[in-house]
Structure formats: C-alpha cells, structure tokens
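Labels run A, B, C, D, E, F, G and H following the written order; every chain starts at residue 1.
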Amino acid sequence: MRKKGFTDLGFAKVDVDRFKRRGFPEVVYCPGKTREQIIGIVRELARHKQPLLLTRLEKDAWSGLKKHFPGLEYDPLGKIAYQGKKTTKKRKNPVLLISAGTADIPVAEEAYITLKVMGEKVIKLYDVGVAGSHRLADNLGLLKKASVIIVVAGMEGALASLVSGLVACPVVAVPTSSGYGASFSGLSALLTMINSCSPGVAVVNIDNGFGAGYFASLINR
Amino acid sequence: MRKKGFTDLGFAKVDVDRFKRRGFPEVVYCPGKTREQIIGIVRELARHKQPLLLTRLEKDAWSGLKKHFPGLEYDPLGKIAYQGKKTTKKRKNPVLLISAGTADIPVAEEAYITLKVMGEKVIKLYDVGVAGSHRLADNLGLLKKASVIIVVAGMEGALASLVSGLVACPVVAVPTSSGYGASFSGLSALLTMINSCSPGVAVVNIDNGFGAGYFASLINR
Amino acid sequence: MRKKGFTDLGFAKVDVDRFKRRGFPEVVYCPGKTREQIIGIVRELARHKQPLLLTRLEKDAWSGLKKHFPGLEYDPLGKIAYQGKKTTKKRKNPVLLISAGTADIPVAEEAYITLKVMGEKVIKLYDVGVAGSHRLADNLGLLKKASVIIVVAGMEGALASLVSGLVACPVVAVPTSSGYGASFSGLSALLTMINSCSPGVAVVNIDNGFGAGYFASLINR
Amino acid sequence: MRKKGFTDLGFAKVDVDRFKRRGFPEVVYCPGKTREQIIGIVRELARHKQPLLLTRLEKDAWSGLKKHFPGLEYDPLGKIAYQGKKTTKKRKNPVLLISAGTADIPVAEEAYITLKVMGEKVIKLYDVGVAGSHRLADNLGLLKKASVIIVVAGMEGALASLVSGLVACPVVAVPTSSGYGASFSGLSALLTMINSCSPGVAVVNIDNGFGAGYFASLINR
Amino acid sequence: MRKKGFTDLGFAKVDVDRFKRRGFPEVVYCPGKTREQIIGIVRELARHKQPLLLTRLEKDAWSGLKKHFPGLEYDPLGKIAYQGKKTTKKRKNPVLLISAGTADIPVAEEAYITLKVMGEKVIKLYDVGVAGSHRLADNLGLLKKASVIIVVAGMEGALASLVSGLVACPVVAVPTSSGYGASFSGLSALLTMINSCSPGVAVVNIDNGFGAGYFASLINR
Amino acid sequence: MRKKGFTDLGFAKVDVDRFKRRGFPEVVYCPGKTREQIIGIVRELARHKQPLLLTRLEKDAWSGLKKHFPGLEYDPLGKIAYQGKKTTKKRKNPVLLISAGTADIPVAEEAYITLKVMGEKVIKLYDVGVAGSHRLADNLGLLKKASVIIVVAGMEGALASLVSGLVACPVVAVPTSSGYGASFSGLSALLTMINSCSPGVAVVNIDNGFGAGYFASLINR
Amino acid sequence: MRKKGFTDLGFAKVDVDRFKRRGFPEVVYCPGKTREQIIGIVRELARHKQPLLLTRLEKDAWSGLKKHFPGLEYDPLGKIAYQGKKTTKKRKNPVLLISAGTADIPVAEEAYITLKVMGEKVIKLYDVGVAGSHRLADNLGLLKKASVIIVVAGMEGALASLVSGLVACPVVAVPTSSGYGASFSGLSALLTMINSCSPGVAVVNIDNGFGAGYFASLINR
Amino acid sequence: MRKKGFTDLGFAKVDVDRFKRRGFPEVVYCPGKTREQIIGIVRELARHKQPLLLTRLEKDAWSGLKKHFPGLEYDPLGKIAYQGKKTTKKRKNPVLLISAGTADIPVAEEAYITLKVMGEKVIKLYDVGVAGSHRLADNLGLLKKASVIIVVAGMEGALASLVSGLVACPVVAVPTSSGYGASFSGLSALLTMINSCSPGVAVVNIDNGFGAGYFASLINR
C-alpha cells in the first residue's frame, strides 16, 4: 500500500495506479454520479491512455457525454460505453457467454463488451434455458471447448447448475432480475446459483454482467 | 434430448419442437424483449401454424405488433395476445376459475385466455373472497362439478385453502400482488397458499395467471 | 407519569402501580429470567395481593417455584402459572376462543388461563380449521353470540379471515409457529392475518396467547 | 351461510347481506378496479341506502366518480370517499386517534373518516411521537378518558407501546410506510408494534387506517 | 356446508365426512399433538374403516402407538404410519417419483407411502440431480410414460424445471430443506421451483412429501 | 417530562423545548408533509431564533419555500435547507467525513451540512473505498487526528470496518442505498456495518446522513 | 499500515499492536475457537501485560481455562472473562447503562464488564421498559447527568427512542434477541433502533453488549 | 449427455462418468445420508480408483466408516475425509488460502483438503481480518504471487473486497456463519461479498469451503 497512486479530484480519487496493480484500469460505475463528475473522472483516466469502461450509462447520459470523448463507443443494449477494444490475443480457448433467455441479453451484453475490452475471444450462446434443454445439448461441443463459461439467467436461474454439470471448466453465474413476482428482482436466481448442487459455480451480483465478464477474464489470463 | 428441434435467431433459439414434446408450443413472455425480438420469435412460431400466446404484453407494445400479425387477438385486461382458440373438445368437466376479489381479475383473465387457447371449457366465478363466504357457499354445485379449480387471490390468499377443503379435485393457487403494505407484493398470499392446511393445493408464481392456466390444462388432459 | 409507583429490586423494577393504572397487574414473562429473579418479582407482586400470571414457565422451572407460592396453579399445556381466578362477573356475552388445529391448543390454553384470571367467561371451539369448514359452519350460533373472538391458527392461518367475515364482533388473531417449512415459524400465519381481506381483524405476536387473551379482555370490559 | 345475500355483477358479487351480518356494509377498496367496476359496485350498494366508504381512491379517480354520486364526499388527505356520516350516538367515551408524526396524518385521516361514518366520536391527537414525549405526557387526561385508542406511527413505531403502558383501554396500532431506508416501507414499524412489550396492543396492516378505524369502532360498540 | 359431518373429541373435531366430500379421509399431522390426542383421533378414524395416514410421526412416538393399532405399519425413512394400502387400480400411467439427491429420499418416501395408500402405481427414480444430468437423460422413457411426475429436490432445486421441459405431463415440485447455509432450510429451492421458467410446474411446501403425493394422486384420478 | 414545551399547530406539535432539553432544536423531516405544513412548522421554529434544518427537501419543494424564509440556504446535493451555520467553536479535533464512492456523496453532504449547522469543524475525505485502499492509507494522518469519523458507504459497505481498525476514535457508519441488485437498497451495507468485526463502529439508518452528522456532533461535544 | 505489529501463531495473528493503535488491546471472541487456540491467544496477549477481555465464553470453557490464567475473573451472567479492571479515572460524567427488561440483563452485564475494564464509571438502571414508563421518568436525573447512555432492549426495543428524546447525550442502542416469535431473534429490535425517529441513536449488533460498552467508552474518552 | 455413465444403487446413481467429464470424480456430501448409503457410494467410487472426498462428515459418522476404507484419512477440523492426495504438480503459482478470523478456520480447512486432493499447492494465511489490516499488509508479497486467492470470512466479510483491491488474480469468497445475531448465520457476509465494490470477486455458498477449493482449483488448471 505505497503512497500516492491516485489523482484527487475532490469528489473522486481516481485510482490511476489500478492498471499496474490489478492489470486493468478503474471502471466507472455511473449511477449516482453527475454528468460533470463522470466527465471529470473519464478525462483523468483517458489522460493515462488506458482502456475505458463506463457501466450503467443511460442513453440520455450518453448523449451528453459522447461529444467530450469522440473515441468512446456505446452499446445501448448493455448500457455500457467503452474505448480500447484491444486486439484479441491468441488464446487457445474462448470465453463462452450463455444466456438462459432473450430477456437476459442486456446483462449478457454488458459482460460481452467487458470481455472484449479486456481482450478476450467470446462466443455467444443465447436463449438456451432449461425449458428446452435440447438447445443446450445441441451445443455440447461449444461447452467442451470453453476455458471458462458465463451463465446469465433470471427467473429460477437453473441453467448454471446444468451447464456446470457438463463441463470441466469454471462457471461464473450471473443472476438477473427478470421474472415474475416471486423472483424478487433476482433474489431467487441468486439463491439458486449460490446453492448449486454442482461444484464449479461461483456467483456475482444480480444483473452484474460487468462483474462476470471481469472475473471470467481474470480466470482466462 | 435429440439434436436440433429449434430455430436459431441469434437473440433467441425458438423451440419449434415444443409442441411435439410437450403438447403445447413455446409461449412468448414479453417483458425485457424488444419489439423486433418479439416479432421475430412470433413469426417463427407462426410459420409452424401452432397456437400463439404472448403474455405480459403491454397495450403500447401490442399497438406496434398487431399489424404484423392480423390473426392475433388481444385481451387488455389480461395483457395477453393469442391466436388459435381451438374448438373446445368435449370434456366431462370444466375448469373452474375463481377469483377472490375484483382486483384479482387481470390475473384471472390471463389464466382464462390461456385455458381457452389450450382448448379447455372454463367457468368463471369471480369475487367470492372469504370476507363474504356465503358467495362461495352459494356456488357449491359449481365447485363439485369441476375437474380442476384455479383460485386467484391477493391480500391474505385464504380462499385457496377454503375451496380445497370443499372439493375432491386439485386446486391450483395463484397469489396476486394486490393488497396493503404487508402483502409485500404477493409474498403474503404466496406463503398462505404454500402453507395450506388443506391438502390438494399446489402453487404457481405471484400474478402468474398463465402458469396456472397451463398447469390446470395439463391436469385436465 | 407521576413519581414512584414501582419497587426497585435492582434486577427488576416491579410495576406495582400497574393495576391502578391499567386495571391489571404486571405479568411475569419468564424466559431469560433466573429462578431467583422470578421468585423475587412474584413475591413483590404477591405482597400487593393482586392476581398473578407467569407466562412461558417451563415445567422444570415450575417445579422449583411451586413450593414458594402454594397458592399458584400451573397449566402444563399453556405453560402458565396463575393465581386469582376471579369469580366471573356476569356479562352478557362470552369470549369465544377458537383454534384451527389441535397443534394450536397450547397457545389457545395460554389465552384461556389469561382470560379466566382476568374474569372472563370463555367458550372453547377447538379444531375447526378451514380444511373442514363445516365444523365452523355447524357452530355459527356460538359465533353470533360472542362479543369478541380469539382465533388461534398456524400453517396458513386462514381461519381468522373466514371467522371475521361471519360476525359483527372484533376478531383477535394469534398466529402460531406450527406448520411445515415455509411457515417460517409463524411468519406465514402472521402475514395472512395482518393482510386479512375481511375488516375487523387485529393481530398479536406469534404464539402470544397471553397477549390475545389480555387484549380480548380489554375489549370485553 | 344461508343462500344468496349478494348481487352478482359478474366482475363482482356485491355482499348486500353484510350490513345485516356484520353491522356495517361492504367497503370498496379501489386499487385494481376500473372506474366502471367501482361505479357498478357503488351503485348497487347505494341502492340499499347504506353508508358508503371507498378507500384508496386517487384524486383523479374521484374526479371521474363524483358526478355519478352527488351525495358522496371526498377527503383528499385520507384518499377516501364516503356518504352517510351518521349522527354520532351518545357514548360515554370517544375514540382517541393519535399520530406519531405529521407524515402519518394521511393514514390517520383514513381512520378518522371511517370512524365518523361508523358513528364514533373521535378526538385527534397528532404529532406526539416519542422524540418529544412531553407532548404525550401533556395529554394524559385525553388518554385516560378514551375507551379505545388508535396509534398511527411510521419509522420505528415505538409510540404504540408507550401509549399502551399508560392506559387501561385497548390500543389498535397502525404501522405506516413513512421513514428512512431500513423502515422497509413499514415493516419495521409493523414488527415493533407486533412485538410490543406492553400487553394491550393489537396490530393492523401497514398504512391501513381504514382497518384500524373499523376495528376500533367494533370495540366501541 | 351441511350440518354435522364430524366427531367432537373436544381437543379435535374429527372430520369423518372427509372421505365422502374429498375422496380421501382426514390425515393426521402429528407434530404438536400429544400421544393421547393422536390415539383419540386415530381411533375415531379407524372406527370408520377408512385408510389411515399419520405424517411426521417420530420413531419414539410410533413406539408408543403401534400396540394400540396393530394394523398400522410404519416407514421410518418417511416417518409416516399407514394402514390400508389399497390394491392399486389398473391405470394406464404411473406416477413417477423423482429425487434429485440421496438426501432428499426421506421426503420422497413420505410421498411414496401417500401415493401407495391412495392407490397409485409409483415408479421411483432417485438421485438424478442436475450435477449429472445424463442420469436423467438415460431415463427419458420413464419420463415420457408418466401421467404426473413428482420432483423432490433440495439445494438449488433446479431439477423440477429441467424435468418439466422434457415432458407433457404436470410436474409437482417439492423443495427440501437439505443444503448449505444459503439454502435457508429450503427457501432457496422453493423460490427456484415457484419461478420455474418452464410452464407446467406447481409447488407444495418445503419437505411436504405428503402434500405432493396427495396432489399427484388427485391429478391422476 | 414536565408540562408544555411545545406549540400545537393541530397537524404538528412543534417541540420548542427541544433546544433546552437536547442542545439542538427540532429538525424538519420533509417527506410526507405538505408545503403548508412545512411552512407552518418552520415559521414556529424560526420564531424561537434557533438554527433551522430541513432534511429530504426536494428541489421543487424548496422553490416554493425559499421566498418565505429568505435566511434559509439550500444544498441541492444533500437536499437539505438550513439556517444558522454557527461560527465553528475552537475544538482540538475535527470530524472526519469519509465517503467510499462518489455515488455516496449526496448522503455525505447531508451529514456535512448537519455538522456545520451544529458547529463542527469538518474535513472531507471522499472516494476512498476498499477497491483502492491506498487512497485511504495515504490519508492515515487525517484518520489519526479525528476525534470522531463518519463513514458513508453503499454496495458492501466494507470501509467502516477497515477505518475503525486503524483508529482509536468512534466510527459512525452510514449505509447507503447505492449498488447493484443484491444490495437490496442498502440492506447489504447496513448488515455489513452492524456486523463489523472491528469494535468501535455504530450504525445509523440507510442514507441517513443527517442522523450520522447529528450523532457525531453529540460525540464531539 | 506499517510492517509487523502482530505475533503469528499460525491459527491466529495476535494483534499486539492494537493497544498502541486503538487505545485498547485485542479482545478474544471465543465462539468457534478451540480451548487450545483461546489459551494460545490469551497467553500472547497476557505477555504484553494489557487488559484482557474474553467474550462469549461459556461456563464449561471457562472451567478449562481458569487454571491457566489465575488473574482472570469470570462473570457468568455476561459470559465474559476479564483481567485488569483499571482504577476508574476521575471523569465528570458516568456511562448510564439501561436495560428495558430483566431478560436483557445478560447482554447489559457484558457491556458492564467491558466498560469497567476500559476504566469507565458506570451507573446501572435496569428494567425500565416502556410498559411502565414512570420507572424511567422517576430517574430523569440520572439520564440528565450521563455523558453517554447505553440502552439494551429486546422485544420491540422502543426504549432507545424514548430515552434519546429526553437527553442531550448520545445513545448507543443494543437490540437483544429476547422476545416472542416475531422478534425474529432480535431483528425487530434492531430495526426499531435503526429507525429511531429521535436523532442521537446509533446501533450495534444484536446481543452485542461488548460492542456497545466499547463504543460508549470511546465516546467518553 | 450420452447414455449410461453411472452405477445405479437404487438410493443413488453414482456418477462414475464424472472424472472423464469434469476432471474430478463425484464428491460425497454426507448430511442426510445413512451410514449404509455412504458406504455404498464410497465403495462404488473406490472401485474406480479415483480420488475420494467426503464432506460434512461428523466425527461419529467417521468412526463407523474408517474400518471399511483403511485408505481414507480424516480431518476433524474441516470434517472431511479423503483419499488420494496426489503429488502436487509443478505449478508456477500456488493457491493462497486466507481466513479472516480463527473461527473461520474449519471452513478454510475444508477448502484446504479439497485443494490438496485436487493437486494444488496451497499457502495458508489465517487470521488477517480487517480489524487489524496491517496483518494483511505485511503479507502483500504472498498476495501478489498467488494465481488465485480464497478468502474465508464471517461476520461482515469485508476482507474479500479489501484483498481483491490489492491483486490482479481472481478472488473466490466464502462467507461463513460465524458472528453475532445480525450476521443471520452467514447471510450478512454473503451479501457483503456479492456486493463487492472491487471487481474480481465471485462467491460460493455459506460455509462451503469445499466449493471454494473446487472452484479455485478449476481456475488454476
């Protein structure tokens, strides 16, 4: 914990040391921050010429932002802005990104952009939930080739356990808030995944596609 | 889990095999899906000339949809679009669809349309909650004739137990989110129904009229 | 809030003023108190020659207590010791004490002794849960004659609403902790009763037969 | 449970028998009902010339309603419409209606109108929460004269226990949803009141001023 | 709700009318009942020569009971006593009874005895949880032949959804309390099953094998 | 609890005695109060020439208020209006006000204004969350000099424990509602702080910056 | 965060630096530690001749321990062992230690010993719960003289708010797990205290008498 | 999902295919299994000469087991039996196994044995919780060298975030059930870890040391 390593903007202490310390720079979580605060933080990060990632950025907020950072791109599905999609390094195995349903795609896309910016090769396998498990069975080949798998699922979130039971690689599970009343905004899927009877599953926060992508990339290094 | 049996649209893997496998085609749960995604999925299902059911379809979304599928009808109370109300087969006994209060009718209507599209004969008995149980007692004849009963109730959800204690057929209970603060958006009614002291009750998700209709129809086959 | 009105024993400040202030003396809730503390408190209360009530007194603790207070009686079902069952005053209407099931009787008995010591006339109607509602219907006469009704019920606790819908008097509902897993030790019945769709129900704590008896007696004054 | 006793409107079975059975007619809980449904139900109740009470009626909904029922009045604070404020019968003791804070007044007003329509004499004592308990102490005379007390309180809801400890009459407690984050929309106050260490408190649903007024009036009969 | 139809033992009102009304007699839930109460109730039921079922009967309690009812048998795994295993009627399709893990077998056995006493043909398929889904895939034939399936599962309870997605018959799901800390004694599995993304699943209480067996038998009639 | 000491406005009993009793006057919590009620209460407090604090005052409400009280100032970040920022007394040690992230600043600002109005010297240390703990380590000097520290943190709220482990002064922890789904609007941070393994931490309500500032000032007297 | 400052025992890294850093040495929380581990840790702490505190030490565990540390004393009510009760420094004002009920005394005693070992003067005021608030009113003098107050209360925990409203000093609130079913082992009292409508209350963990004593002593320095 | 691949013992379908499919054989979770069932399953697994792991095996159960499997060893702290500690392969970086407190060691030991049997090199760093963060700071070298870190922590579980913020490798977090009342048997630590503000943390079940070890080993392959 050596001295310094951050830039003090008053409302924020930008952790410019993070790339060196953790292999990836600080990521800007946008909710609760004013436009001015976001601009200030991104400007400081940009000054260090590192990859940029702004998560949970609403379309409106993006409109007010893009003129300041022409190099930024925006994915409206995943509500994520980014710069610096690095050339994917040659790796033997890709990250496999699975969603249980179409409604889970926004969260999956947040993971997708995160993974790309972190230099991963990603294969998407969307809408293969357990209500029609032949869709998964038909893609066993993809599952076997992955070095790490992300499973994004709402409602009861059963897909993570099923996938994990079929593979030798780690499964990162992301519960989503989609579902009927008793899903309690993702609590049900979270509990399902945390209680997986199949070892080899670890869980990140509800709707936290970014966290899943980040964690999967760390595994894949 | 034989190979294939689905159409891959990228954002969705439409389970065109489902009718053969399960006796009823895939149903489209609309929340979290874009208009384009809904249109794409429905188009693929329609190509197989099977009954169509689109649940939780907001009125606005329906407006943008109906011109693409002239055969579709829409029930604004149950927020459900459908096609293929089959001629009801001759069955000895109808499904009895009970609501505890007037506020529970939207959920009941979702069950109603589901049951009709699945070919069931349905009798409605609305607003017979336990606050005035003579309204139920006056309809004992209907209860006795049913082969399966759906009970839709919010607030404390006591009606399911009461009905079950009077009949020999299975009762499918649907908690609804209507009620004062401590109903916790349906949690109270859900717990009530799951804890029924009267055997013969099973429960589906909060406000899940579709699920109750679907389950009741499976029983009635 | 005038000065004094209590006896200070160090570990307890016995509220000897309570009878005058509230019409009934302090009641001793036994859990978490040592035998010596209970004896000290009861001795002080006894000195004022008021009715005595000791709730949640385990059989073992009672054994060590009875020799000190020969006038005390003990009800092993309700786990309650008492003295001073007053001659019941002439009242027009009795308190009706209903239990949904046999497993709820211990809580009902705690209410029973409380009511008797407070001078109420009590009629018991046990095991009339909604799984066989004809048992309640057969006793409509009793219901109509009551000036206040206590309903003790576990599992889903639906009985309180049903009873309330049939009568003009207030219903005091006591959830009990009996039931399968999702009753969550009485939480389910508590929520059911608090959410009653039938006005005229108020609720006391889980398994709190004493509180229900006390409250019903206040109503009946 | 004799036959009939209700009018069947299809979407509602109006319990026209209720006045005879329970001493007060059916009350219309408005959320989740369409304007047409509310009009239909009220029309049927009005036909029987009984007192009318419509709870949780938003101002907008009231606007569309009042022209159909010129005799109805509306209280915008309590969001309650009513007709038939009966001449208050001569009773020895009034109902005392206490609110802990100013933010709890809307719920208290719902209780107030309910009590008035049910013929009670009501005394209001607002904003006497425990943060300044001298405000309550200064009104001990009012407390002593009441035959039943309603306590409306949000946040931690401690007032119900304090009041109950000072009086000999029953206290009906109403938790409200006002408060900071961990009040969890009234759950905290509900638990406080249900766990009252002072016997003589019973609880109704969160923000259920109507239920408290109704219950208090039953006690006061 | 005709008059009578029960025997009043004071502590219990035995519902001797239940067989006629519901097709199966009253079942004795043993927790919270004294030995004397159980004996009294069973004696009354036995007098009517109907099938007997005593659930949640601990081994010790059974020891004190069996001499009074020589015809009773006891299943120590399911903790259930019974009499009257009827000759199984000729039915086209059996009930398929599935458990996810070995630890779920006690609950499954409670369902098994219930089903047998109710006259069902039952096929057991134990320990086919999603951690090794080939065990289920290998038994697709059994799944297809069932007219109703019970799925008993703890931990994350994912099996119910998976099974349901493969079959055309209704699935009755029973969450069990087995699992690590965050299973919260079955809450996790309960939520999973209630939120099933696959229609055709309804849920009974945690560890309620009896309720599942009963419900499945009603379906199979 | 001496008589009087408040002004009765009907809808409010303004506690004008509070300054004398508690060292700081009544503070106006604005949610759930009408504009007229707020004006009435503030007018009464202002008449006593004491410091004024109005918490949770939305910008719109402020607009309608400021013309009535020209001396009031408004902090839009903390949504708090105030008057009477007293000259800070000479004290040896300041209050240190720490926020974990930029999104927690609004809550911190509510604490800041509260502290200033109560006469404290405050040092702000914002955005030093555990994701980059060198930012905290770099400010150990500030930590050591504080006589009391407020830690404002959302998400997992880990910062309070970490800070407490480094200092000898008391830490007042404020959980905030910022975070992903499973933060459950601040519940997660609240539990974290209440369970701190480091002694010397006490907790106030979620997002309750005012309460933290008030408590810290009491400590600092 | 300078290097070293602890002794590494393998199973524990004893924080021998803590006295210097925080003004009080490491305290041994005994649950989950073996006898050998406790002995090892205490021996290391004793070597530095600092005050010793062992919390949650069961009587049996104490028996096996005392012979190793003859200087240790044990309080069986508070389940706490200690050494080094320092001469109380001259301070102007004592800590006032309040318990709501007799059942809360064990938690209060844990706070008492902690305070004594930390050199505080303590005045006990036990059993002054809100069910008889004249017991508190009679001790207003004590309240006014305290520089910090600890309130220990179970059930609904209302006492903390009431006390806080009467004084100018900070109130440290300790919820306890004593109470009926819906106290949910202290959750109810915790929520009550966290939601206090009276500013000047901060809360520690359920039954955490040690934490309250520690925090109060920090305030009193 | 090819056919077969398991041995059917009736009560269990031993997944003998798992080593080939997942790289590690089936692990026996012992709670809820009879001694006979455990013996049967282990015998079948042993027949395939694969590593053996039996988790949550109580000491008593182990006593009855060891004579049947002389090759098995037992770790009483981690309550885990095992066979086949493979020679650790040469790997560049070890797994770092961190516990926050001494009370968390049993869970950490379960992870330790799991990791060893799976062939990992493990370094233990116990008792470095945030209450004395210099103990962690002193071991930064170990943290930097790890390829994956397991953090085991109860109470508020803050350590996982802190560690993660310092390293570039993935952190697998295990909440434990140790702590005071409001830790709710590990729920608090679970929420803390799931809500980590520091990316790079994923979570397994409460007290699930095995699951963490398994997942970490998958990462390390």
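We adopt the following convention: a contact is a pair of C-beta atoms (placed from the backbone, for glycine too) under 8 Å apart; a residue touches a chain by one contact, two chains touch by 3 or more.
Values in this document were obtained by computation on a predicted structure and should not be read as measured data.
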Give me the fewest steps it takes to get from chain B to chain G if each step has to go to a chain it touches.
2
Count of steps on the shortest touching-chain route from chain D to chain G?
1
Using mean Cα positions as chain centres, tell me which chain lies farthest from chain D.
H
With chain centres taken as the means of their Cα atoms, state the distance from chain A to chain B in Å.
35
Which whole number of Å gives the spacing of the CA centres of chain B and chain H?
44
Return the distance between the CA-based centres of chain A and chain H, expressed in whole Å.
26
Note: chain E residues in touch with at least two other chains are 1, 101, 131-133, 137, 165-166, 179-180, 182-183, 187, 190, 194-195, 199, 205, 211
Chains touch in the following pairs A-B, A-E, A-F, A-H, B-C, B-D, B-E, C-D, C-E, C-G, D-F, D-G, E-H, F-G, F-H, G-H
Where on chain G is chain F touching in the complex?
1, 21-23, 27, 137, 140, 165-170, 172, 190, 194-196, 199-205, 210-211, 214-215, 218-219
Partner chain G, residues of chain D touching it in the complex
100-101, 129-133, 155-158, 161-162, 164-166, 179-180, 182-184, 187-189, 191-199
Inside the complex, what are the residues of chain E that reach chain H?
101-106, 126-128, 131-135, 137-138, 178-183
Show which residues of chain E lie in contact with chain C when the two form their complex.
1-6, 10-13, 15, 17-18, 26, 29, 31-33, 37, 41, 175, 177, 185-187, 190, 205-208, 211
